[in-house]
Amino acid sequence: MGLGEFLFLLTGLKWTVALSAIGFVCGSVGGLAIALLRTSGVRGLERLAAGYIALFQGTPLLMQLFVVYYGLALIGLHLSAWVAVSIGFTLHASAYLGEIWRGSIDAVPRGQTEAASALNLKYTSRMKDVVLPQAIRISLPATIGFLVQLIKGTSLASIVGFTELARAGNIVSNQIFEPLLVFGIVGILYFLMCWPLSLYGSHLENRLAVASR
Amino acid sequence: TRPASAITTEEIKARGKIIVGIQGDNPPWGFVTSDGKQDGLDADMARLYAKELGVTVEFVPLEVSNRIPALTSGRVDVLFATMAMLPERAKAVQFSKPYVANAIVLIAPKSVEIKTNADMAKVSIGVAKGAAQDTQVTKNAPAGTTIRRYDGDAPSIQALVSGQVQAIGGNIFYLQRVEQARPGEFENKLEFQKLYNGACTRLGEKEVNASLNAFIDKIRANGELKKLYDKWMKVPVHQFPDSLEGIPFSAS
Amino acid sequence: MNYVLDFTPVLDGLPDLLAGCLGTLLLALGGMAIAIVIGISGVVLRDSRHKPIRWAVKGFVELIRNTPFLVQIYFIYFALPLAGLRLDPTPTAILALGINGGAYAIEIIRGGAQSISRGQVEAGLALGLHKGLVFRLIVLKPALRAVFPSLTSQFILLTLTTSVASAISAYELTSVAQRIESESFRSFEVFGVITLLYLGISWLMMSFFSTISTRYFSYPVK
Amino acid sequence: MTTHASIANAATTDPMIVMADVEKWYGGFKALSDINLSVRRGEKIVLCGPSGSGKSTLIRCINHLEAYQKGEIRVGGTRLGDDSRTIDAIRREVGMVFQHFNLFPHMTVLQNCMLAPMRAAKMSRSEAEATARRLLDRVRILEQADKYPAQLSGGQQQRVAIARALCMRPSVMLFDEPTSALDPEMVKEVLDTMIGLAEEGMTMICVTHEMGFARQVADRVIFMAGGTIVEEAPPDAFFTQPRHERTRKFLGEILRPH
Amino acid sequence: MTTHASIANAATTDPMIVMADVEKWYGGFKALSDINLSVRRGEKIVLCGPSGSGKSTLIRCINHLEAYQKGEIRVGGTRLGDDSRTIDAIRREVGMVFQHFNLFPHMTVLQNCMLAPMRAAKMSRSEAEATARRLLDRVRILEQADKYPAQLSGGQQQRVAIARALCMRPSVMLFDEPTSALDPEMVKEVLDTMIGLAEEGMTMICVTHEMGFARQVADRVIFMAGGTIVEEAPPDAFFTQPRHERTRKFLGEILRPH
């Protein structure tokens, strides 16, 4: 494999980073909203959030992207590839993060919410200052785990025409016919992208652990 | 279902650009080079056609599985995407006249005797999922033959090389790749079918189809197609049939 | 000019698709079984007294979590034969899914174990239970309860990831669907139907997990 | 004492807390039955009774930490419904010290005390900090201000919980065994703090078995058993001439030194 | 009483617990300094002192829940090292009741009590259940046997914690404020239980401020302040003629009714 092929993989990497960034940002915002709805205590909203989670956790991301990009186009709604992946990743990531965070919010002892309520803290402050900081600690390993899967899941964006890292690897592999070598390098590049996230996760974990033994 | 974005040659000319669906990872038909340029026989065909219309080309690299959806949903105007002309496909898209021929073959070790379709039952066979060789091997192999379907050409060749299968179905370019990995061990055993590739448009879009057919007739006549054959296929230009069972070349 | 949806090829293939669903379920359940074993024993080993074991577990987690599943499954399928170990597609897929899911499960369960207050562990120790028993009897259940939604999510993801196994020709829903699609070229119809089938399988899994959750984790908490 | 909200300014003849026919079930277990209680503004009530008799449950109902199934509770004239507005209004006036402290583990002692004043009462940071430090000092724990709850002894945690509740300057305080984890010296200091609050006119309901405190401060002592109020009387009457057999038995244990 | 392990069978002239020059640091904070203490087999010690003086820390060191930085601790002649075998063996003989109870939330009361006897002491299920029921009855909580900890009141939880520790039939018991959450009636019952244990010859160290109990049961009272042992004496001498100023001040608060 020559330098040219390697540089080609790096341009794919660039797209992967951009797609991951979209997934992270949109997914986290959406996920937080879903988690809060799911734990709101309002029956209707909780049902709605649970339905959303069941629907978008249960369908493959690839299918979501396909439906948003090609399916909607079929009925005349032509979304650009960027909009399509943004929608697809948001639906997917917010469902998963929403459920992960919902679980950790539920795992914070009830006495904590009670104490906050008794101090007359409003919902926002109760969540932001009391519950979420403790929930984050429980959900951190799972969250990091999902985010690295999301990075790798961006490879599915090739279905709407992005030549991201995995697709670039495919192209190179079909040119030089050394799939083990090419996918080995692609694997390493993914590793280099995901690993810092893992490291950051453990760093954060240690910091939170110091605060509340 | 409402009409997808139908388009005419006039509209393409007015836009100054034709959007072509093409394969990105299937040399020498259609592939992206390591400096990111679209290349291959299909790419050159598309460029010639664009020149004919006097417009520029925008390539949309596609995978095997989203070629037809990209066309039917209006994401591209036309496919030059190694689309083998098959009757079932012709129900979903409108083929033009054929512009290149391909053959589907079975590759196996020299030591294994495979002379007839029935002999295929002796081995496990790998194919690229959804490609023409998949269809052909599935159709011709005796019932009960182990057929393993992989994601694309490279993995199916890798499966042969690493011994996960004993034979693979492939096209005329496969053997040369297998030779690179394991020289002297394999040979072409059976040839199933001559396949023709055509350009595709949406069903019912008469104008673009007609213009494509005229274009193909023209390059066959003026020697442009021969140049492409010399560049990519390295064989003489094939004889193309005037009709294929169940595959109309012109839109009705 | 009209793309007319035509479901007949998909409906004709429905028996095959349903058989594919069973293949998917087999891969998913097999993978999950391995993953949960790896997950729980990984959490224990990660806390081992012996440094090499701890590092091995951490290394395993980092390696598996941070590389694509496709690379892992290709590695087991294509590279291990070079070392003399040749596995068929289905065992390969189950093994790969189990290893992959296991790495995530280790981390998820560990997160749960961290949320258990030190007082719980101390109480167990003070009663004369040794460390392993304290984990098994006292920490594990509340820890699993705390992260059960995350664990469920991971296993749903694992279920959907089985589709990647079609890349090495394992028999499951996606491979069946791709075959039908390559014969009929009815992409929209095929994709639509298998999306519903995947949704059905996921819902089956979700209700399986929620049954477990209400059966085993329904003790009241403060 | 500063009274700074509607509830506190209601006509002073109104009772501050009224519970009428309150009944509370935990699933199939009846934890409170027929609770009728009226507490005047500035009144100090001591609540005692055997373990499991419903004392914690009762005071948790007052600021709606537990929903109840029958009857009515009014605080400062506001009926405690499910409407979050009224619940907020009530909680602004009602402070609570929990039996299990429920400190926020991810915040230091000082942060625990400053959170609510800043977020709920919109105090400025410097004002909140000054208040917090003053009250932490009052319960003799200022030097631990930068520690986390997990680094404190049981008694220290309890004192932080008291300071945290007082930082909101509530007009009603509910104490759930505020001295259980304290040594006698500290008990005295905390009780002195509470006596100080009492003298400032705060309305107080205190679950405690410190009978010295009851004698000295309480306007009324309420004795609960099995989820009902068995007896209520001024401390003198309560200790010297209890009317019910159950009360006498209970007092017998208290007054006889072990 | 059945003594069923090596430690309990060691020569009876040996002291049961020896702490020599023990020092314990939490990071930069010295929680215990120069602790020297020897407890004979069957001796009852009451440990008291102001909040934060290191009482909990001291007893937690004895069964090695806290590591200490200097000195030596021996239990039943076995030196408490880092070897997990000896630690496990010691913990099986040393029961502990925590200040915060630490019940297992996912087990019913009965299961909480049966767990360690079955898993650590290899008792049969039926024997473990019988023991558990007997001891739950002794602390008057048998009727709650099938509830989960979260469904119990504070005092009920505390009694479960005591029963749970006793189920292991330890030869040494460490109590950390075992009556803090109890009402006076219950305090009496629990103290009676403890007196019963004391009479059976159990070695006990009890952090408590129930001075009645100290008077009646303790062989020695130890007063701690600021991480050191300030004074130790038999109860009579301790209450009537305390030698140190600090002790006198502390006792002043206890003995004067509020």
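Here are a few things to note about the model shown:
As written, the chain order gives the labels A, B, C, D and E, with residue 1 at the start of each chain.
As a working rule, contacts are C-beta pairs under 8 Å (C-beta built on N, C-alpha and C of every residue); 3 or more make two chains touch, one makes a residue touch a chain.
If you're wondering where the values come from, they're calculated on a predicted model, not measured in any experiment.
Any chain bridging subunit A and subunit B, meaning touching each of them, is among C; the list is complete.
Touching subunit B and subunit D at once are the following chains: A.
More C-beta pairs touch across one of A-C and C-E than the other; that pair is A-C. Across the assembly, the mean Cα position most removed from that of subunit A is the one of E. Subunit B and subunit C have centres, each the mean of its CA atoms, that are 37 Å apart. If you average the Cα atoms of subunit A and of subunit D, the two centres end up 45 Å apart.
A straight line joining the Cα centres of subunit B and subunit E is 82 Å long.
Averaging Cα coordinates per chain places subunit D and subunit E 30 Å apart.
Residue numbers of subunit C whose C-beta contacts span two or more other chains: 3, 74, 78-79, 118, 145, 187-188, 221-222. Across the assembly, subunit E contributes 100, 151 as residues in contact with two or more other chains. For subunit A, the set of residues that touch two or more other chains comprises 66, 70-71, 74, 109, 111, 137, 179-180, 213.
A list of each chain pair in contact follows: A-B, A-C, A-D, B-C, C-E, D-E. Touching subunit C in their complex are the following residues of subunit A: 54-55, 57-63, 66-67, 70-71, 74, 96, 99-100, 102-104, 106-107, 109-111, 137-142, 144-146, 148-149, 152, 155, 166, 179-180, 183-184, 186-187, 190-191, 193-195, 198, 205, 209, 213. Chain contact summary for the complex, subunit D toward subunit A: residues 63, 65, 88, 91-92, 94-96, 98, 100, 102-106, 115-116, 119-121, 148-151, 164-165, 168. The touching residues of subunit B, when paired with subunit A in their complex, are 1-2, 4-5, 24-27, 31-36, 60-63, 65-66, 69-70, 72-75, 152-155, 157-158, 177, 180-181. Only residues 1-5, 74, 77-79, 81-82, 86, 89, 166-169, 175, 178-179, 181-188 of subunit C touch subunit B when the two sit together in their complex.
Those residues of subunit A that touch subunit B in the shared complex are 2, 4-5, 7-8, 11, 66, 69-71, 73-76, 78, 158-159, 161, 163, 167, 170-175, 177, 179-180.
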